[in-house]
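Two complexes are shown next, each including chain A; its partner changes from chain B in the first to chain C in the second.
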Partner chain A sequence: MDFAVVVTVEILHSIAVLVLISSGLAVIFGMMRVINLAHGEFLTLGGYVAILGHRNGLNLYFCMLVLAPVVVGLWGLIVERLVVRWLYGRLINTMLATWGLSLAMTGAFSMIFGNTMTGIPNPLGGLTVGDYQISGYSLFLIAAAALVMAVITIVLKATRAGLIARGAMQRPDMAQAFGLNISHVYMTTFAAGAALSGLAGALLAPLVGLGPGSGANYIAKAFITVISGGASVVTGTIVSAGLFGSISQVFTLVTSSVGGEIALLVAAVVLLRLMPIGITGRFFKGWT
Partner chain B sequence: MINRRQFLATTAATAGALALPSIRAAQASEPIKLGSILDVSGIFDAYGKPMDMAATLAVEELNAGGGLLGRQIQKVSYDTQSDMALYTQFAQQLVRSDQVHVVHGGILSASREAIRPTLRKAKIPYFYNVLYEGGVCDRNIVCTGITPAQQIEVLVPAAIEKFGKKVYVLAADYNYGQITAKWMSHYVSQSGGSVLATEFFPLDVSDFGATIAKIQEAKPDLVLSALVGGAHLSFYRQWAAAGMKDRIPLASSTLGSGNEHLVLTPQEGNGIMVAYSWSPSIDAPAAKAFLDKWKARFGDVATINEFAVNNYQGIHLWAEAVKKANTVDHDPVIEALESGLAIDGPSGKVTIDPQTHHAVLDMQLMEIRDQSLAVIKSFSQRQPIDTQKFCDLKANPDDNKQYEIDI
Partner chain C sequence: MNSRVLVTEAGQVVAGTVACALVLPFIVDVHTATLLTVYAMLALSLGFIWGFGGILCFGQAAFYGLGAYTYALAAINFDGAWVAFGLAILVPAAFAGLLGALMFYGRLSDVYLAVVTLVVTLILFKFFNSTAGPSYRIGEARLGGFNGIPGFPTLTVPGSPDTYIYGAGLFYFAIALLALVYLGLRLTLLSPFGRIVVSLRENEERTELLGYDVRFYKSAAFAVSGGIAGLAGCLFANWAEIVTPGLFSLGQSAEIIIWVIVGGLGTLIGPMIGAALLGYLKFALGHQSVVDNSFIMGVLLIVVVLFLQEGLVPTVTRFAKAGLRRSSSKKSRRQSRRKRIVSDVR
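So, the complex of A and B:
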């Protein structure tokens, strides 16, 4: 029984990590059809901002929940204005440009922070469940992921900004005809996606060792989750993260870490063969 | 009477004979060239930079003492930028255009294997000064770092004695991790313990939640780790975050070799048992002198790691061999190395094992305490027994391969 609780928490934790690392990408790709290959570096930047802020005496939760998203969001704004906005609708060019950006950011990280691993101490201790120990921070991450999904849903569904964003994404010409400034909508959406990436990177920082190349560890999983999820930002992310998180964690428990990764990839390939436009392309149509 | 052709021939010969001593003299005062080939930038620079600094220090030190054979030593170094393709290119350059007398360098096993054939063919002695998985058997190479058996034979029995007999092994899923895990199992059973499970992780895995749950279910007395690199560092943090550190102790064959213990907080790192040939807290004159020299030259001793010390010792071993052979020529230098050559290095006495060309070293059993490596016990002159099982250069001087050590 106790072990079942531990396993459940591990599975939820795994899902939460997938939700967090892919939510920023989901917003940018799902809504704007822009493939941001620098997504991993946005995550890393969030981690570095949190670490630097904490080292300079700021409160850890402030650094993770406020400082990192704000800084990375601003960085996203700059990137959108300088690079991405000239390339809307040109998929390959955007990929090349953001790939170049990711290389440049990795280089800059190693110049500024050195090519060593850094980290911040985990703020929460362990919890005892019967004979077992679980990480208190896992529960915090699960709550954070749920909250992020809830906030995105509310913003998209219940606010005027969300309505405008969705409208502008679906029919940009129509939205423009209503007098909306499409360029500003895109800019804000990109910055919001970047801010979400920054938040995710900062939240992961106390769990992992962070180095200049850390982004590469996440990007494949983030893309698999987003592409398999399909067009709906929230539903797609939750459904595919839920599916892949459970599959990889169950297989890791039963076989090994390699088994878990293989199971995840096989599941993704099968899924995309059956549903080429993602889960929400077939089911949950019209969901947010 | 001589004809024109004869006259020219004689004059040329005489001129040549007259010029010969001056050519010889010029040669004698020419510097001895030491080739250094390391990843000083790129993703392995955390290892390469301190190694390069150590090489600079060693060469400057030798030159200040009058050089070798009355000649100064010139360090010819190339930065391979963590790119394996550049190793082959720069090795060719060192051989062909720089015409060096010895090469020290290479960090990953892949980089060593990339340049080893070139240097063997060119008959230039090659020193590989990094801890690695063992098994290289080649008369042209000298390996001065520790091999798994040297380390595990010290670490595992001590950890089992202190913590208990039931062991869970975690290792990186590549050559080094696989071989080290085998030696761990070997010494666990030799010490009367049992391995409950062995798990391998690809180098980019950074989520250890499921593994931590599995370890708890298996209830071992001790976890042995041969995890490698930045992503795997996450294990120690997640282990501490789950509150496991006070429940099940850890011992590692890799943590701290790249100064990882400085990244972990004291709560995350304290009490983890490790074993290396070098620790800044070795209480010996040679170690203290090395720290002083490093501080005088570079200001900060925090950059020193096991790799840097090995590189420094490798260069001094070569210098000893040159002094003993009284020449920089290939065969006499190799023969001098095979004569049971030894130096007193920062890590203690380092002896070249003539059978394998690997180093016999002192080992330190240590514990991480407040981000430092504290020596618990010292072990004198440990043999590279893994490589000795397969490699005998005295019996087969023409051997030229890396044996896959299987036990």
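So, the complex of A and C:
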């Protein structure tokens, strides 16, 4: 029984991590059909902001939950205005430009922060379940992931901004004809996606050490989760993160952590072969 | 295609190759020149499938690494490095053909294709990275995990198994192979097969409605590209005398794409020039540490995507042609336009 609880928490934790690292990418892809390959570096930037803020005496939770999203959101705004907005509608070109951005940011990180790993200590202790220990931070992450998904759903479904965003994503020309400024909608969406990435990066910073090349560890998983999920932001992310998170965690328990990662990747290839436009392309059509 | 075109083509290629072979070792040393040739071969493989077939493969490094690993493993296990040489082309080609069939018969395209190729590269990277234990062996060869496989026999002169091909010899061998592959691709593009591949890029639906099985042609073109990348990997293995999982890394995949797009998409010469130039730039930047290497590469990629969408070679050619046209008479203008149409078709 205790073991079952621990395994459940582990699986939920692994799903939560996938949800967090892919939510920013999913918002940008789902709304704008833009793949931001610099996403991993946005996460890393969020982590660095949190660490630097914490080192300079600010409260850790303030750094993670407020400072990192704001800074990375602003950075996303700058990137959108300078690079991405010239490339809308040209999927491959956006991918290439953002890949360039990712390389440039990696290079910049190693020039600024040096080629060393930095980190912050895990702020929450462990919880005892029978004979086992679970990390309190795991539970915090699970809660955070659930909250992020809930907030995205509420914003999209229940606010005027969400209505505008959904309209602009379904029929940009029609939305423009109604007098909406599409350019501003896109700019805000990109900044929001970037802010989410910053939040996720900061939340994950206590778990893993942070180096200039850390983004590369995230990008593939985030990319796979979002593409396999399909066009619907919330449903797609949750379903595919749930699937891949469970598969990789089960295989990690049975074999090794490398076995888990390889199982995740193989599952993604098989899934895309069966559902060429992602899970929500096949099921849950029209969900948010 | 008539035989005169063919002879002129071949003449140009031979002249270009000889010029490169003579000049390059004076600009950089032979060792670096060989590596640049390998890069050019690798860029050529992606330049073909992406620039002519319209298929963007994000995991060209998979075939490159596979070629290198196949060579190393086969060279240890079999007598005679030339068997390994052949396998290093065939195995990646077969792998690419199978992977291509898996994707194209499943009607994957665009981003989805990019994801699958990227993921396959990652799987290979993770797998070879985790094979450190002594239980991971193929025949006599231990896979060696992140340390890679060192100390396999390199290519020898046929008929004299003790004379190794290295240094300048390897450079001339590599550049000759590059010229052969380039010429082979030019001829392929003139052939019915090549024309169908180009028509896939132009309009896949129409090609299919004309009665061609696009899935088959895409897979076949993918196999050709994979085989060339494998050859590049084999040459790399001979140059470095060690193969490591780094060959499969994301960074390696990224670099190939940058070479091709900077050099020029839709040409064969562009990717090679892009690879040589950027490879040299990387080499030159490697000697100082003020500015990070990947920073430069990243900024370069952004600038090219934003401002120089066609890449170096097509842009330069267009400006050169425009300059020529302006200075010539009306009659020759008409001629040059006709020539341009012909060259576009080619």
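General remarks:
Definition applied: the second predicted complex is superposed on the first by the 288 of 288 C-alpha atoms of A that agree within 3 Å, B and C clash if a C-alpha of one lies under 4 Å from a C-alpha of the other, contacts with A are read in each partner's own complex, and residues count from 1 in each chain.
The definition used in the following text is that contacts are C-beta pairs under 8 Å (C-beta built on N, C-alpha and C of every residue); 3 or more make two chains touch, one makes a residue touch a chain.
Keep in mind the model is a prediction, meaning the values are calculated, not measured.
When both complexes are overlaid on chain A, the residue A:A108 reaches chain C alone and has no touch with chain B.
Applying the stated contact rule after C-alpha superposition, one finds that A:E10 touches chain B and leaves chain C untouched. In the overlay built on the shared chain, the residue A:L253 is in contact with chain B alone; chain C does not reach it. Contact with neither chain B nor chain C is seen for A:T235 once the two complexes are overlaid on the shared chain.
Legend: residue contacts after superposition of the two complexes on their common chain; A:L265 is shown touching chain C, with no touch to chain B. Look at A:L91: by the touch rule set out above, it reaches chain C but stays clear of chain B. After overlaying the two complexes on the shared chain, residue contacts for A:I224 are found with chain C alone; chain B is out of touch. Of the two partner chains placed by the overlay, neither chain B nor chain C lies in contact with A:T44.
In the superposed model, A:A216 makes contact with both chain B and chain C.
Comparing the two interfaces of chain A, the one with chain B and the one with chain C have residues 110, 216, 256, 258, 261 in common. Looking at the complex, you find that chain B touches chain A at residues 42-43, 45-46, 173, 199-202, 204-207, 209-214, 216-217, 230-231, 233-234, 237-238, 240-244, 247, 259-260, 263-265, 267-268.
Within the complex formed with chain C, the residues of chain A that make contact are 35, 83, 86-87, 91-93, 95-97, 99-108, 110-111, 216, 219-220, 223-224, 227-228, 256, 258, 261-262, 265-266, 268-269, 272-274, 276-278. Residues 56, 102-103, 106-108, 110-112, 114-116, 118-120, 122-123, 126-127, 129-130, 250-251, 254, 257-258, 261, 291-302, 305-306, 309 of chain C are the ones touching chain A in the complex. Touching chain B in their complex are the following residues of chain A: 3, 6-7, 10, 13-14, 17, 110, 114-119, 121-122, 124-128, 131-138, 206-214, 216-217, 249, 252-253, 256-258, 260-261.
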